[in-house]
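Take a look at the structures listed below.
The following pair of complexes shares a single chain, chain A, combined with chain B in the former and chain C in the latter.
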Partner chain A sequence: MKQLETQYKKMLMDYITYQSEKNLYIAQNFTRQLIQKNVAPEDVVGIHKNVMKEILPQTSNEEQHAYDFLIEVMVQYGMTHRAHQSLLQKQAEYDMEMKIAADIQKTLLKTIVPQLANVDIGMVSIPIRKMNGDYVHFLAEDKKYVCVAVTDVIGKGVPAALCMSMVKYGLETLEYTYKEPPYVLEIINRVIEKSVDDSMFVSMFYGYFDIQKSTFSYASAGHEPALHYSAKNNQFSTLEAKGLLLGVLPDTKYAFNEVTIEENDIIIIMTDGVTEFRFHDDFNARDLITTIIEKNKFLSAQQLCTLLYEQIEQMQDFKLSDDFTVVIIKK
Partner chain B sequence: MDIIVYFKEQNQQLYGFIEGEIDTFTAPKLRDELENIKFNENRDIVLDLSKVHYMDSTGLGIFVAFYKRALREAGQVKLVGLSIRLRRLFEITGLSDLMDIETDKEVEIN
Partner chain C sequence: MFKTSVEIMTEWDIVEARQIGRQEAKMLGFNTVDQARITTAISELARNIYLYAEVGTIEIERIETEGEKRIIITAVDKGPGIQDVRKVMQDGYSTSGGLGAGIPGVNRLMDSMVIQSNVGEGTTIKTEKWLR
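And then the complex of A and B:
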């Protein structure tokens, strides 16, 4: 503090003598130094008071009392300033923790897309913020089957990510039920319903593709319907299955449907981030998706996913309003 | 983008009128308003959504939470005046089978 006082004294004397812009500029830089060193506003007034007494010893007692008064007034400013500083520090800590949480989520919920001999699988999943509210889980055995679960957690940020981990571990412990989409949904529903708050829930589309029989059976828990492109008929159909969101009621039952998958058929499973066009009222997103797929059906599953993402993002002026996930399975 | 919520009580029913867009930003306000509602055996709650132009899944979460509370506290809730777009949201999510929902019926109040 003594050193600051000496510096301040010199600056003040220079200013009183020359009153130049340069002197003021030096004072501004000095303020930065004070802020950096966390010197409180009332201490600055204290420095000024002491220096004034040194350079103008004839100042009256009244003036000194007036400075004491000003110091008292400035104390509140000082407290607010310190509170602000501490908030900034906390904010930095939170940012750091969020970054760590997002990294953990990325590692924990990393989806590995299976590479199979007879089935081509592609996926794009882009979060709108740091944490992804969508999650895709695959389970596969080459030449036998591939299961896919596409999920969307409602509720954002950390709680949603924690809920998603629950879904993942639920799916991983399925064992023999993975062939039965309704069972899968019923089990996961029970896990989630017990553990989440009232406004949180999960939508899930679960499909089981039997590669040997060429059938795809599926069930949906309040999820966006998937699409099936039949190459033979050059036609799209909607893979709809009624079912309540996961996490709403404890003993929900789910229905399932089955379709036959033929050579060059395509299955498109997505989250509502793909079909929702907030600022295009009468727009039918499904028409756009089917047009893009139909025109580009010869591309690989991964290329199709990427193309869908690029075109839809462009349609929305690069301002998607939700996490975007699409999975494409081609036979 | 904002949201307006107001209530009127008439003929043993509490009417809630929701106007605007329900998304991540406006949902907390709607949630607070709905949390203040006390369920009462002799009174039905009717929420009019005819002036809701947009709702995302966060908004849906608010209604699910409200519905679950109504179940626990033996309250009666009805949603009316849903646009086709909103109705589809309730249908896809399976909520329309659970909740009492009416499309395109505006509540007239003197």
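And then the complex of A and C:
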């Protein structure tokens, strides 16, 4: 503190003598140094007071009292300043933990898109925060079948990610029941209902594409409806399915639905982040999606997914309000 | 050792506790800035009593032994007590629960702090500052 006082004294005296901008610039740099050394505002006033007494010994008693008054005022500021600093430090720690958690989530919930001989599959899943509340799970055997689960946790960030790990675990332990979409949802529903907080709900679309029979059976737990493009009729139909969100009631039943898939048909499964348009209330997102798909149906499934993302992101002025996930399956 | 205690019932008692604290700090040889810090700490503790416990005391001890000079401030109240002392010591807690106001701030103004509290019985906060 004594050393700082000596420096401060010299700077102040220079300024009183020359009153140049250079002196003030030096003062600014000195302040930076003070902040780095965690010198409290009240200490700065204390230094100023002492220096004033030294360089202007004729300073009146009243002036010294005025400095004491200012010191009192600055103590309160100093307290707030230090609280702020400790919060900043804490935030840096949280950010670090968050980054590690996000990395773990990425590894844990990594989706591998199956590469199959007769079916073209594409996927885009982009979180708006560090952690993704959407999750896609595939299970496939070449020339036989491909299963896809598209899930969305209602809620974001860390709690959503933790819940998602549970969903993934549930999906991985399905074993031989993967062919029955309603049954899959019933099992996952029980897992979530039992083990996850009451405020946490998950929507899921589960589809089973039988490549040999060329049928797509599906069930939905409160999830955004999927789309089916029929190449033969050149039209879209909505793959709607009734069913309660996962995690609400223990014994929920889900309906079984099935469509036939023909050559060049496209199935589009998405989360509500794709269809929700914040700035366009009366806007029909599904019209936009079907128009984009129809126009570009000859692109690969992955190219279509990327195109959808780019166009919708642009429509939303690059400010998506929710995690964005779309899966496209082309025969 | 010299010990004074002030019962905190009105805001004027806060002023009195501050005054005694400043005198004692000055007598020990604390500089103006540290005097202001000690006084502010007393003020915060007394205010907590006044606002949340209604009645309590502030004790101010001046310790002067060979080679060691320090001031001890102890706030004692029979208020609602603090459920989770650890939380009260965290920044940002003050907004959510009564007594937390300013405790981490006081902790930083002083050199040491110990909190003892039993829910329904009251709280004792002892804080010290050494003259360097």
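Here, the second predicted complex is superposed on the first by the 291 of 331 C-alpha atoms of A that agree within 3 Å, B and C clash if a C-alpha of one lies under 4 Å from a C-alpha of the other, contacts with A are read in each partner's own complex, and residues count from 1 in each chain.
As a working rule, a residue touches a chain if its C-beta (ideal position, glycine included) is under 8 Å from a C-beta of that chain, and two chains touch if they have at least 3 such contacts.
These numbers were taken from a predicted model, which means no experiment stands behind them.
Asker: Contacts for A:D198 in the overlay, against chain B (first) and chain C (second): which applies, first, second, both or neither?
Answerer: Only chain B; A:D198 stays clear of chain C.
Asker: Going by the contact rule set out at the top, does A:G243 touch chain B (first), chain C (second), both, or neither?
Answerer: So A:G243 only meets chain B here.
Asker: Would you check which partner chain A:D272 touches, where first means chain B only, second means chain C only, and both and neither mean what they say?
Answerer: It touches chain B, and chain C stays clear.
Asker: Of the two partners chain B and chain C, indicate the one touching more residues belonging to chain A.
Answerer: Answer, by number of touched residues of chain A: B.
Asker: Quick one: is A:G46 in contact with chain B, with chain C, with both, or with neither? Answer first, second, both or neither.
Answerer: Touch partner of A:G46: chain C, not chain B.
Asker: After superposition on the shared chain, which partner residues are touched by A:V75: those of chain B (first), chain C (second), both, or neither?
Answerer: After superposition on chain A, A:V75 lies in contact with chain C alone.
Asker: Name the contact category of A:D134: first (chain B only), second (chain C only), both, or neither.
Answerer: neither
Asker: So, does A:E224 touch the first partner chain B, the second partner chain C, both, or neither?
Answerer: Once the two structures are laid over each other on A, A:E224 reaches chain B alone.
Asker: Looking at the overlay, does A:E186 come into contact with chain B only (first), chain C only (second), both, or neither?
Answerer: Touch partners of A:E186: none, neither chain B nor chain C.
Asker: Please report the chain A residues shared by its interface with chain B and its interface with chain C.
Answerer: On chain A, no residue contacts both chain B in one structure and chain C in the other.
Asker: Under the definition above, what is the set of chain B residues touching chain A in their complex?
Answerer: 23-24, 31, 54, 56-58, 60-62, 64-65, 68-69, 92-95, 97-98
Asker: Any idea which chain A residues touch chain C in the complex?
Answerer: Result: residues 42-43, 45-46, 49, 67-68, 71-72, 75-76, 79-80, 82-83, 86-87, 90 of chain A touch chain C.
Asker: In the complex of these two chains, what residues of chain A are touching chain B?
Answerer: Residues in contact with chain B: 152, 154-156, 197-201, 203, 221-225, 242-245, 248-249, 272, 276, 278, 321-322.
Asker: Which of the residues in chain C come into contact with chain A in the complex?
Answerer: Result: residues 31-33, 36-37, 39-40, 91-92, 102, 104-105, 108-109 of chain C touch chain A.
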